[in-house]
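For reference, chains read A, B, C and D in written order, and residue numbers begin at 1 within each chain.
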Amino acid sequence: MMSTNRLEAFSDGVFAIAATLLVLELHVPPPGSGALWPQLVEQWPSYATYAVSFITIGIMWVNHHALFRIIRRVDRPILFLNLLLLLGVSITPFPTALLGQWIGDADGAHVAAALYGGLFFLTGIAFGGIWLYALAHHDLITEDLKRQQVSTAGSFRRFNIGAWVYLMGIGIAFYSALLSLLLYALVAVYYVAPTLPQLERGGDE
Amino acid sequence: MMSTNRLEAFSDGVFAIAATLLVLELHVPPPGSGALWPQLVEQWPSYATYAVSFITIGIMWVNHHALFRIIRRVDRPILFLNLLLLLGVSITPFPTALLGQWIGDADGAHVAAALYGGLFFLTGIAFGGIWLYALAHHDLITEDLKRQQVSTAGSFRRFNIGAWVYLMGIGIAFYSALLSLLLYALVAVYYVAPTLPQLERGGDE
Amino acid sequence: MMSTNRLEAFSDGVFAIAATLLVLELHVPPPGSGALWPQLVEQWPSYATYAVSFITIGIMWVNHHALFRIIRRVDRPILFLNLLLLLGVSITPFPTALLGQWIGDADGAHVAAALYGGLFFLTGIAFGGIWLYALAHHDLITEDLKRQQVSTAGSFRRFNIGAWVYLMGIGIAFYSALLSLLLYALVAVYYVAPTLPQLERGGDE
Amino acid sequence: MMSTNRLEAFSDGVFAIAATLLVLELHVPPPGSGALWPQLVEQWPSYATYAVSFITIGIMWVNHHALFRIIRRVDRPILFLNLLLLLGVSITPFPTALLGQWIGDADGAHVAAALYGGLFFLTGIAFGGIWLYALAHHDLITEDLKRQQVSTAGSFRRFNIGAWVYLMGIGIAFYSALLSLLLYALVAVYYVAPTLPQLERGGDE
């Protein structure tokens, strides 16, 4: 067992890099290809998916932070659950670009939107897995939480609701890609509010 | 509420990555396409926008650092204002490449230069928003600052003047893209001098 | 001699960036090129090599972490052995993309799979070199380890077995590229279990 | 004035990212373009420049580390000298790719090799500038160094000799690009030995 310092450093790195790499999927129209403004406007789906993905990764980072204020020590299984979570985070630029470029395609839009939601669903599952595993191994959790006897079950439901909304989004994707993108954006807004049990003593190092 | 350690680590990551990704927008002329030197010289606008963007991001990082020496604890709203700031920072390589490649286009140059300034304007607004929010919530600010009764209003004006110069640059962009780029470079030079209240005790962790 | 803090920070950076850059080798099929789904399915070797490389880098990070809990101080030779290790880690996206794209080529698949295994073999050698060097210089190793008189020889064998399996994989690559990829995936699974001597006192800062 | 913690974190980020981004300049030959092996062999100059750049950035990182063990507090001028240094580091992938691709061009090779050396020369100058500035402002330097009355002048000459060798390399580039690349590689080897004054007490935080 070890403390969470270096796990957080590595995770912060992957979150920050994945979020910043998203910009590479925005393409500069080649000069001489006509007026610039209409070509930029035409790319709006890429900006929309960029924004949703950036905010989603940012929120995940905030929640990851909150999660590892409660989980104070990590063992090997947590390390590997966290690796799976980071695998999902780091692959985000691919479905983001896919949806941004294919959203205008009659057929491909559904596939791209479902894959996009599918990735976030899997990431949500990995998040939930870490939380469930930690709840089942009390020695990993900070003393403050145990003393306060927080209703962790209720908190788990709220924490993990996103995964199920993403699952719903996959279904909606086959009806309308745009509507599912809107739903994914709403999940990000939902998570702006804190969903994990709040420690009374705001103890942070 | 929590301390600012991990927010700073994540932000440092985004600043460093966005600044370093700028290099990917410098293109190697394909060998066999003629003499190398004139082709490299022709790309001068890309080097100019590269330098302005890199220095601007670097200065933002320095100021971000200074800001979070004063703001010692963060709550959820600060976290999300900071996410918006980082969204602006991380998207920088896109308008940078846009302006570098379109500055020679009679029409597109104005659009590209205005967008470039527009991004920095929004980033400045996000910076100002964090500062205003923190001033309005005294428990987030370090004790040293309160004790010294610094004129934070004056400092806020100096701190945030950049945003208004960027706004002016957007207007100038429609007259001359090159002139607006020069103005953006001057803003970076302006911020080399410290604009936030200086703590007498150079207390750092 | 110095403590390992900044070496770990720099290494964490390279591990995190190399793992996250892998995504840039996944290509979005251009819209209008036909149905999306079959084109995505066709790219399965790229997803497979992506996953194997990501998990392998992740595991290396975990083991690097474990290694530098035992090695508590570093000197110049360790710094440069570590640089060689990071050179291997950072180049990973190249053979990953190579194998992902050439695995369907009758001839190129063998070359690509052998190079892929060759890179991991060299990385394993660098890992072993750091460990051997540290064992030979007792002042670099944490006191806890010395006190427990752990059988470091046995642990070295288990720690470094991966390098030899990679060597075997290079041979197998000339018989079947797919089989060697499977073997590389198995090495990652093997390293999920801890291979370095466990300190009884889980002392971490 | 502030301590060097966050400056080191940001710098470590830029060093690590620039070193890891180099891999994006290694190109995968498109499958179906003939036998893989000869195409890979043909790219040897790209591997050579990759290795020289990676090791050079790595060594710079080690020396940056050593420098900021001596410089314990930083003020605004140091921050901005450091930004210029990082500007040089972060642009490295561009001349690296340039030299790797143009080294076979009768004319372009000289230009590319001179630019490559020129970048490292400027980086060396920035390094020297930080060191000179710190020597002239004794309050920035750690107490240990002052007490030991180390011959900092001699150490400065050894520390900064690289810059002048790079300058020599620029001249040689116009005679033979390959020879200058070899010289740049030798500089990296030279810096493997420590060149800054060694503190007797290996005091690190």
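A few notes on this one:
Heads up, the rule we're going with is that a residue touches a chain if its C-beta (ideal position, glycine included) is under 8 Å from a C-beta of that chain, and two chains touch if they have at least 3 such contacts.
Please read all numbers here as calculations on a predicted model, not as lab measurements.
Chain centres here are C-alpha means, and the one lying farthest from chain A is D.
For the pair chain A and chain C, the fraction of shared interface numbers is less than half, so the two copies use mostly different residues to meet.
The mean-CA centres of chain A and chain D are about 36 angstrom from one another, to the nearest whole unit. Taking the mean of the C-alpha atoms as each chain's centre, chain A and chain B sit 26 Å apart. Shown for chain D are the residues that touch two or more other chains, namely 9, 13, 17, 21, 24. Because contacts link each chain to exactly two others and close back on themselves, their graph is best described as a ring.
Contact between chains, as defined at the top, is found for A-B, A-C, B-D, C-D. Chain A contributes residues 1-3, 5-6, 9-10, 13-14, 17-18, 21, 24-25, 73, 76, 79-80, 83, 86-87, 90-94, 97-98, 101-102, 104-105, 107-108, 111-112, 115 to its touches with chain C in the complex.
In the complex of the two chains, the chain C residues touching chain A come out as 8-9, 12-13, 15-17, 19-24, 26, 28, 30-32, 35-37, 40, 50-51, 54-55, 58-59, 61-62, 65, 69, 192-194, 202, 204-205.
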